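What follows is subunit A paired twice: with subunit B in the first complex and subunit C in the second.
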Partner chain A sequence: MKFAAALPSQRQAVAQVAGVLVLIAAAVVFPLVFTNPTVTNFAVITLIFVCVASAWNLFSGFSGYLSLGHAVFYGTGAYFLVVAAKDWNVSGVAVFWLLPLAGLVAAIVAVPLGLIALRVRRHTFVVITIAFFFIAQLAASNLKVTGGSSGLLPPVPNFAPATFNDPFYYLALVMAVLTVAVAWQVRRSRFGLQLRAIRDDEDRAAGLGVRTMPVKLAALVLSAFITGMAGGLWVFFIGEAFPQFVFDPLFDLAVVFMAFFGGLGTLAGPVLGALVLEPAQLYLNLQGGNGYESEILFGALFLVVILFLPRGVIPTGGEYLRAYRARLDRSKEDSSESEMAADSAGTSVKGGVS
Partner chain B sequence: MTATLRADGVTKSFGGVKALNGCSLTVAEGRITGLIGPNGSGKTTLFNVMTGYERIDAGQVYLRDKQITGAAPHQVYGQGVGRTFQLTRIFPRLTVLENMLVPAQQRGSSRQRRERAMDLLAFTGIQAHAGALAGTLSYGQRKLLELAYVLVADPAVVLLDEPAGGVNPSLIHHISDRIRELNKSGRTFLIVEHNMEFVMGLCHELTVLDSGSVVATGPPDTVRNDPRVLDAYLGMGTDTDD
Partner chain C sequence: MANQIAQAIAAGILGGGVYALMAAGLTLIFGVLDIINVAQGIFVVLGAYLSYVLSVHLHIDLFVGLLITVPSMFIIGIVIYWLFIRPLRGAERTSMTLLACFAVALIIEGILYREFGSNYVSLKAWYTTKSVHVFGFYLPVIYVLGFALAVVAIGLIYLMLYRTKFGRAVRATMQNPTAARLVGIDVNRVAALTFGVGTAVTAIGGMVFGAISGGFTPNSGYDLISRLLAIVILAGMGSIGGALVAAVFMTTAEAVVDIWQPTWSVAVFYLAMVIILTVRPQGIFGRAGVRAQ
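Here is the complex of A and B:
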C-alpha cells in the first residue's frame, strides 16, 4: 500500500481494540464485585465525568478553543430534567427518557452562545465563555423556573436501596462508551480533521476552503448535547439542583484539568484524567472533612501538570516509550554489529594461523 | 489570451498608510506571472486582498470575469484560487498526509482522495514523510507541502508568496521545476518572489509594484531594463548604463 507508512500498524490497532474491550468488560462487572454503595456512588460520578471530559475535549481539545463555560450546558441539562420531570409528572425509570431532551436543550442553548463566542479566539474566547457561565449562574439563582437560590428537587426513583446506584451506573457507562465512540468517530472523520486543522491554524484552514464557523459550531453543539445529557443524569442521581452546585465554576476547572492531565486532544486522555482525578477528589473530600483541602491539592497538581507535562500523561508517556524502544533497537543493532565484527576478526585470525 | 485573475484599481490602507493605491494586475490563463517590487511595495497585501484575507477599500477582483471582491478566504478557494504564504503555514500537529486531506472541495471517495494526496506528495518529492508530523519537516519541505496541498483541489490559479524564500539552492531548482511542469499542464501561477534569478527564469510576465502602485508590466527582459523599475527597485534611475 502506497500510504501504509501514514497508517497505524494492524498489530497496534488490534492491541488498542483489545485494551478497550478489557476496560469495558472490567467496567461491566465492577458493581458486581464492588457492592459498597460509596464505591458505586464514586463510580457513577466518575463515569459522568468521563462523558463530560470527553465531550469537552471533542470541542476544546480538537479545535483549540478552550471553553470555561461548559457548566452552562451541564446546568441547562440538569435544570431541564428537573423542571420537565416536575411539570410533566415523570418519575422513576421514565425520567431517564428525558435525558436526550436535556441534551437537546443544552445543544440549542449552545447555538447562540457559539455564534457569539466563536467569532473571537484564544483568551477572548475563554473570557466570553466565563462571562456566559456567570450569566447562567446568576439567572439560575434568581429565576422562578429554577427555584431561585432555594433550588429544586428532582423526583426520587423507587429503586431498591441495596442496588440504588446500579441503574445510574450502567446508564452512565453506556453514555461514557458512546461518548468516547463518538469522539473516536469525529477524530477520524473529515469533520475532525478540519477541527484539528482549525486548532493548528484557523486562517490557513479557511484559505483551503474549510468553512470554519459551521465546523466549530457543530463541534460545540455536539459537545453541549453530551454535556447536557450528563448534567441531567447527574442531577437525577444526586437528587438536588441548587444553582451554586449546578453552575459550579470548579466543574469547568475540573473538566479542563482532566483533559490536560491525560492529554489534550487525545481520545484516551480525558478518560484517563476522569478515571484518576474524579475518584481521587471524591475520596479526599470524604477523608478531609471539607472540600477545600482537595481543591488546593488539585490546584497544585494542575500547576505541576501544566509546567512539567504540558501535553499530558498519555502523549508524554508515549514519547518516553518510543524513545525507550528506539534505544533498545539501537543497542540491538550495536550488539549485532560487534558480534559480526568479532566473527570476522576470528575468521581472519584463524586464516592467519592456518 | 484570457485573464484568469484580475485586480482592477485595488486600494487598501492601514491607518494612514496606503499599502495599495489603485493597483491593477492581470494574470493570463496558462501563464506564470511574477509580482515583484521592493520590500513594503504591497505585494503580499495584494495577495491578501485578492484571496479574502484583507478587506478591500476600493477596486474589484475578478476570477474569469466573475467578481470575487470581498469574498471570504474559503469562498475564494472554493472559486478556484489557491495560495501559499511567505512564511509557510502548515498544520504542524497533523501528519503530512493529513495536511493534504484538509483542503475542501475534494472529489471522490476517501481512498481516492488519499491516493491523489500521495500522488501530489510524490510529485513534490516528500512522499516518504507522509506519516510524519508536518511540524518535523524542514523549511524547504514545508514549502513543498504547502504547494502540494494547495494543488489538491485543482485550483484554476495558484498564488505563491515567495516560494524560494529561505530555501536552499538545490531545493529552489526542484521547486521551479515543479512549477514549470505544472504550468506545462495548463496551471496558471502568480508568484511573488525576491530571488530575481528564480523569477526571471520562470515567469512569462512580470508586474512591478512600488509604493502600492504598478510601475511596469511586461516580459522579464523588457521589465529588467525599464528605467522606472531600476529606479523603484534599486534606486538607480536612468544613469545606470553599466
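Here is the complex of A and C:
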C-alpha cells in the first residue's frame, strides 16, 4: 500500500506534468494580462521569494538543519551586486550578468559559515545561524564598503516606464523555475537521499557511509548560491540597499514560514507558501500604513499554522485527499467485501474464545 | 588609561549580573523543556515597559514595581507555554517550538509598537542618574543596585533548584525527562512552572536593562536576544553556572573593547562565540551529550 503511494501511477504523473506546464504558461502570460505596475511589482517580489523559499527548503527542508540565517546570503548577494555595479561601472541590462557572480560570492561566504555551524546540530545550529545574521547586519551597518547606515543605490536601468517590471519579472520567473527544477533533481538524486538520511538520523547515515559534512555543506552552498542571486535581483529591482532592509530578521522568518506553510521538505510547499504569503504580506503593508498590524497578524497566522497544520498545507491536504479516496474505494468495495469482513470477524472471535 | 580599563571592567562585571540573570532563565528553560526561547529578548523589553508604565503612570518605584511585574511575567510565561508550546509534539518539535517562540515574539513586538510607538524611552529614578565613588571608581548607583538584585535573584534560583522538592524535580527533568516521569514527577507541570520562572526573571532583567541602557524601543529585543543566545551558546546550553560566567565575561570584554572601538564592541560577543565553537562545539561548560542530539 505504501509502496503504491510512493510510485504515482502513470496518469497521476501526466496530470502533474500538465499542471506544472499550465502553471508556467499562466505565469508567462501574467504580465501581459495584468499590466498594472503595482501588480507586476508584487509578482516580481513574489517570484523572488519562490526562489528563496525553495532554495532554503533545498538545504533546511531536506537536511533538517533549520537555518535562520539565510538573510546573510541574500544580503551578501545584494550588496555584492550594488558595489560591483558601482565599482565596475556596469549599468542597464548588463547588471543582470552580475547575478551569477553575486550567487558565487554568497556561496563562497557560505563555506566558512557552514564549516563552523554544521559541526553542531539542532538548537545550537539554529542559534549560530541567527548569530551569523546579526554579525552580518552589524558589519553592513558599519563597514565603509556598504555605505554604512546611509545605504547605497544600485544603478537604475533605463527600461520603458510602462513595462519597467517585465524584464525583472521574466528573469525572476526563469530563476524560480530553475530553482524548483534543481530542487526536484536534488530530491530524486543520491545526494538528496543522503540529505534526507541525515535529516532522519545523522549518526546512522554516517554509519551507513554517508560523508555527512561534505553533503550538508554542498547543500548549504547550493542554497546560498541561489539565495545570493535572488538577493542581487531583488536589490536591483527595488533600487536601494539599506542594512536594516537587506539584513532583515523578518526575512528569515518569512522564508521559513513559507516553507512550513506549504510543507517542509516538499517541492511544491515552498512555492505555494511564497505564492500565498508574500502577496498577502505586500498587500497588507500597502493597506495598513503601520507595520505593526501586519507584524501581529503575521505572528498570529504563523502560530495557527504551527499549531493546526504542523506539517504544512500540501502534506496535510494530501492526507485528506488520500483518506477521501480510500473512503470512496471502501464504499465501492463495501458491498462485495462485507460478507468476507463478517466472516473474518467471526473467526477472530471464535479464535479468541478458544 | 589603566584607570579607564579598570573602570570598564568594573562596569562590565556589574552590568554582566543582569545578563547573567536573563541568560540563566533562558538556559533553565532550555535545560528542562529542550526549547530555545527566542522570545526571551522581547520578554525583557516587555518587562521593561511594564516597569515603565508602573513608574510613569502610577508613580511606583522601580524596585517596588517588581512586586507586580515579576508575578505578571510569571503568569504571562505560563499562559504562553500552555497555549503555544505545550501542544507541540513530535519529530519536528525542536524547530516548531523555536518558530512558535519567534512568532510570539513578533506578536509582542507588534503590540508594544502599537502601545508605545518606536521612540526611545528609559526608566528614571533618583538612582539612575547618581553615581557612587567606590574604590576609586565612579559607578552609577543603578549598576550597583541592579547587580545586587541580580545576585539575589540568581541566589534564589539556586536555592529553588538545590533546596526544594520542586527544584529536585526540575533537575531530574533536566537529566532525563522519561526517567523523571517514571519516578512520578509531573513533567508537564514542572515544564510549565520552569517556563514561568524563566520568564519571570525577565521582569527583573527588563527593569535593570531599562534603567542602565540609554533607552529602549520594542526593537531592542533583537539586540538582547542575540547577546543572550551568544552567552548561552558560549557557556554550553543548559549550564546555568556556565551562563553566569559567560555573561560576566562577555559584558566585561565588550566594555573594555568599547574604549577603543565603540562600533565594533558588540562583535566581541559573536567573535568569542565563533572562536569557542570552532574549538569546542559544545561550549565551554557544556557536556557533549546533555541531550541525545
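To be clear about the criterion, the second predicted complex is superposed on the first by the 328 of 354 C-alpha atoms of A that agree within 3 Å, B and C clash if a C-alpha of one lies under 4 Å from a C-alpha of the other, contacts with A are read in each partner's own complex, and residues count from 1 in each chain.
What we mean here is this: contacts are C-beta pairs under 8 Å (C-beta built on N, C-alpha and C of every residue); 3 or more make two chains touch, one makes a residue touch a chain.
Quick caveat, the model's predicted, so the values are computed rather than measured.
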Just to be sure I read the superposition right, which of the two partners does A:Arg119 touch: subunit B = first, subunit C = second, or both, or neither? second
- Message: By the touch definition at the top of the document, which applies to A:Arg330: first (subunit B), second (subunit C), both, or neither?
- Response: neither
Quick one: is A:Arg322 in contact with subunit B, with subunit C, with both, or with neither? Answer first, second, both or neither.
neither
A:Ile135 in the overlay: touching subunit B, subunit C, both, or neither? Say first, second, both or neither. second
Winner on subunit A touched-residue count between subunit B and subunit C: chain C
When the two structures are overlaid on chain A, which partner does A:Thr212 contact: first (subunit B), second (subunit C), both, or neither? first
- Query: Taking the superposition as given, does A:Arg204 touch the first partner, subunit B, the second, subunit C, both, or neither?
  - Reply: first
Residue overlap on subunit A between the subunit B interface and the subunit C interface none
Counting only contacts in the complex, subunit A reaches subunit C at residues 66, 116, 119-124, 126-128, 130-132, 134-135, 138, 142, 249-250, 253, 256-257, 260, 264, 290-293, 295-296, 298-300, 302-303, 306-307, 310-311
Given the complex, residues on subunit C that touch subunit A span 30, 34-36, 38, 84, 87-88, 90, 92, 94-96, 98-100, 102-107, 109-111, 113-114, 222, 226, 229-230, 232-233, 237, 263-264, 266-267, 270, 273-274, 277-278, 281-282, 293
So, in the complex, the side of subunit B touching subunit A is made of residues 51, 53, 72-74, 76-78, 82-83, 85, 89-98, 101-105, 114-115, 117-118, 127-128, 130-131, 149-150, 153
In the complex, the residues of subunit A that touch subunit B are 2-3, 5-7, 190, 193-194, 196-197, 199-201, 203-212, 265
